Amino acid sequence: MPLSQQELGELKRTAAKIRRDIVDVTGWSGGAHVGGSLSMVDMLVLLYWKYLRVDPARPDWEDRDRFVLSKGHGGVGHAVVLANRGYFPMEDLKTFNETGSKLGMHLDGAKAKGVDASTGSMGHGLCQALGMALGARVLKKDTRVFCIIGDGESNEGSIWEAAMAAAHYKTPNLVAFLDRNHYMIDGYTEDVMSLEPLADKWRAFGWETRVVDGHDLAALAEAVEFAIAWDQGPVMLLCETVKGKGVDFMEAKAKWHYGGLSAEMVAKAKQSIGEG
Amino acid sequence: MAGVESSTSWTVYDATKLSAREIYGVVLSDLGAARPDIVGLSADLAKSTQIGAFGERFPDRFFNFGIAEQNMFGAAAGLAKMGLTPFVSTFSAFASMRACEFLRTDVCYQNLNVKVIATHGGTSFGSAGTTHHATEDLSIVRAFANLTVIVPADGFETAQAVKKCLDIAGPVYIRIGRGFEPTVYDREDESFQIGKAVEMRPGTDITIIACGPTVFHAVEASRVLAENDGLSVRVLNMHTIKPIDEEAVLRAVAETRRILTVEDHNVVGGLGTAVADVIAASGKGCAFTKVGIPDTFTPHGYPEDLMNLFGTDTDGIIAKVRELLGREFEEDEDWEDEV
Amino acid sequence: MATSEELLTARIVCRAVLPVIKVMIEDAPKTAAAFQDTVGRVQFVADDPAGRVGACLCFDRGTFTVAQEIVPDADVTFAFSSVAKMNAFFAGKPVVPALGPLMKGAFGRFGLVVNTVKLMLGLKLLMPTASPKDPVKARLKVKMTLYMISTALSQLNKAGDAEMNKWTAKQPDRIYQWSVDGTDIACHLRVKAGKTKAGRGVYTRRKPFIHMRFAGVEGAIPVLNNEVDSLQAMARGLVVSEGSPEYGAKVGDFMLRIAGLLT
């Protein structure tokens, strides 16, 4: 059991805080990709508060672990995590989406500290993550690269190109999370473009694949530790998640892929999330 | 009789063995020895694009991504982010179109130190036909901010471009042919500077601005026109399309008042358009003509024949200049074999 | 009745092979000396129902030309009963004495006959079996062979050979250049819209479209003798072919065809 009770409690509270902040930003920015950000909070919290070997004070530290948000529209979630972790002031979140600000829908690594890859268009991040993993190999460093991809995003051929190449090059320092929240813009993924059997596909592509509850921090932690220890090749943690997790009126609804929140809805949402 | 048949058993993919003039593969390989940060990437075309030479010498720094160009360019971005200097090579058609978004969004938008060696530009992959011809690539990549676009005139200039693109802290797209193109230079010209056009021949009647394989033809045409027609034809090797050498263009406008551009590329959006931008912005009057592929798709054929078809070779340029300057010419009619 | 291939071969013999005798006379000091005072004409003629075929070697005190005609009053005549036999003679094939050439006028110009026979023996340098060790002979062989081939290719076209005509028909003005590194041996073939012209030396009015450069006389001989195929030749650095590989290969094919006709 990698997490002590105390750690677990702290992480849960952090996750709740992150969720509440995401709802806040969605509120004051006029709208954000709230559903898909809420579904990946637990993965992000585990990475940024336990497993990523990073230093917010030194965002360009050469030997840091890398994190790529391939489903780049989750920028609001990533930004909230980075701010809470100390990469930039929480105040900056107030400028989310404003013209010319450092933070917007799809984070720009040239503007926001702590963003290892500027993503947005689907299917790019995993390729870059692979490049980083191979780069670490060339430089003989033990840098780890973590990447979160989306299930809708997995329609993109380039995801599978990267998957094939990672297996070919047996990159043990690459760990991918698939935020399997089952909904994309046009609806339920299996109605739009079916992905199942998804875990089988990743296994067939040569990735050591584990299916895990993406909201069970303890289970996730075990999965991540397994992934880090696995040295035979890349690992895919297929995380079963709920789009809009934490906010009862958003959960499992395609329409909350992107949305705006009135002050009243913000309050309701935060109440639903609770303290963790 | 020795009994050996004529052997045309080389394949269109064996550029490495036969194209003596395409030396960049060796150059890159030598650079790789001095620069441990250089890594090579290929999309199943290591032999055809010469990057295989680097790969053989430094297998730990060479990655073949198979026929998956999008991932290759994304990975190149990732490698660059780790502080390495990736040289990515594939055919121009695939570099500019198949991997277009990855080149633009992962490499150029993030302003990464990725060097693209786009081979088989224009119609140089002749027999492979339209699907493998890169007749729009310059038009496409010119539009990417942060990208430097170079079209070297021959193998020697390519070697220089490869060496000197390392001085640019950002993405570079170097577009070359298939390796059998005639050389314009007889050795590397160390005075080569990215962004600075080279005056290959001085002149005052008209200026031909060319890039890539057409430079050789422009120089030949200029020579023939001087000897036969008494014309003074300036030739500018505009190897860098972006940033284009505006000063050289403006000088040609002022001093010759007639400009003819030639490229192994569509007349839409490439060298010709880039030159036209400069001329139009200058507000100066100038006779201007573009020679290139006239906004059509190109048929299959030997590349030399295709260049002849589209008038981008020596004869085509000569004819165009004569047409522009209203000149007639008497052909040499003695076809008796010398003894 | 001579076949069209036999007539083609004869044409190449008369217009491409015989003229390279000039190289021997100009470049080989002993041969030059032997002919420096010679005045005379040696006729080679083959009988054929469709009309006699032949050419006449004209020596005039050191200068040498080949007249593409049959003169009635040659000093010496080598007569063959058929075009095929004349071709065979020049292919170095043994000719049965009884049916061999009838040398008319031989007795009055014995010296001329002897010298002409020496020239004929010299022409054996053109054979693929000839690999002379003597550097003077080796150089002669290469120069003679290249001059012969360039003219033969042009003659092939002028003779109306279908394959050659098809190849030259659509080409724009192009120069096919041969040269031997480290020597002044060079010749070329100009092709333009169905017309051809063989030339000596390096063509200067435009750069070559194909340039076959041999690595010296030593590199040229194995290639010209077809001891190695073109890929091996290039791999071993015996010859470099600059320019379009497709057109270079085609020229190589035609060169082999010429060799085939003459052996």
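Should a chain be cited, it is by its letter among A, B and C, assigned in written order, with residues numbered from 1 in that chain.
The rule is simple: a residue touches a chain if its C-beta (ideal position, glycine included) is under 8 Å from a C-beta of that chain, and two chains touch if they have at least 3 such contacts.
Note that this is a predicted model, so its numbers are computed, not measured.
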Sort the other chains by how far their Cα centres are from that of chain A and give me the top one.
C
Name the most central chain, where centre means the mean of Cα atoms.
B
Rounded Å distance between chain A and chain B, as computed from the means of their C-alpha atoms
42
If you average the CA atoms of chain B and of chain C, how far apart do the two points sit, in angstrom?
41
Between chain A and chain C, tell me the centre distance in angstrom, where each centre is the average of that chain's C-alpha atoms.
78
Note the residues in chain C that touch 2 or more other chains, in rising order.
none
What part of chain B is in contact with chain C in the complex they form?
1-2, 4-10, 17-18, 20-21, 127, 180, 182, 216, 220, 223-224, 227, 302-305, 308, 313-315, 334-339
Mind listing the chain B positions that touch chain A in their complex?
39, 60-61, 63, 65-66, 68, 70-71, 73-84, 86, 101-102, 105-106, 109-111
Which of the residues in chain C end up touching chain B in this complex?
15, 19, 22, 65-66, 128, 151, 154-155, 170, 172-173, 195-200, 205-207, 209, 225-232, 234-235, 240, 242-247, 249, 252-253, 256, 259-260, 263
Residues of chain A defined as touching chain B within the complex
62, 66, 109-110, 116-118, 120-121, 123-136, 138-139, 143, 157-158, 161-162, 164-165, 168-169
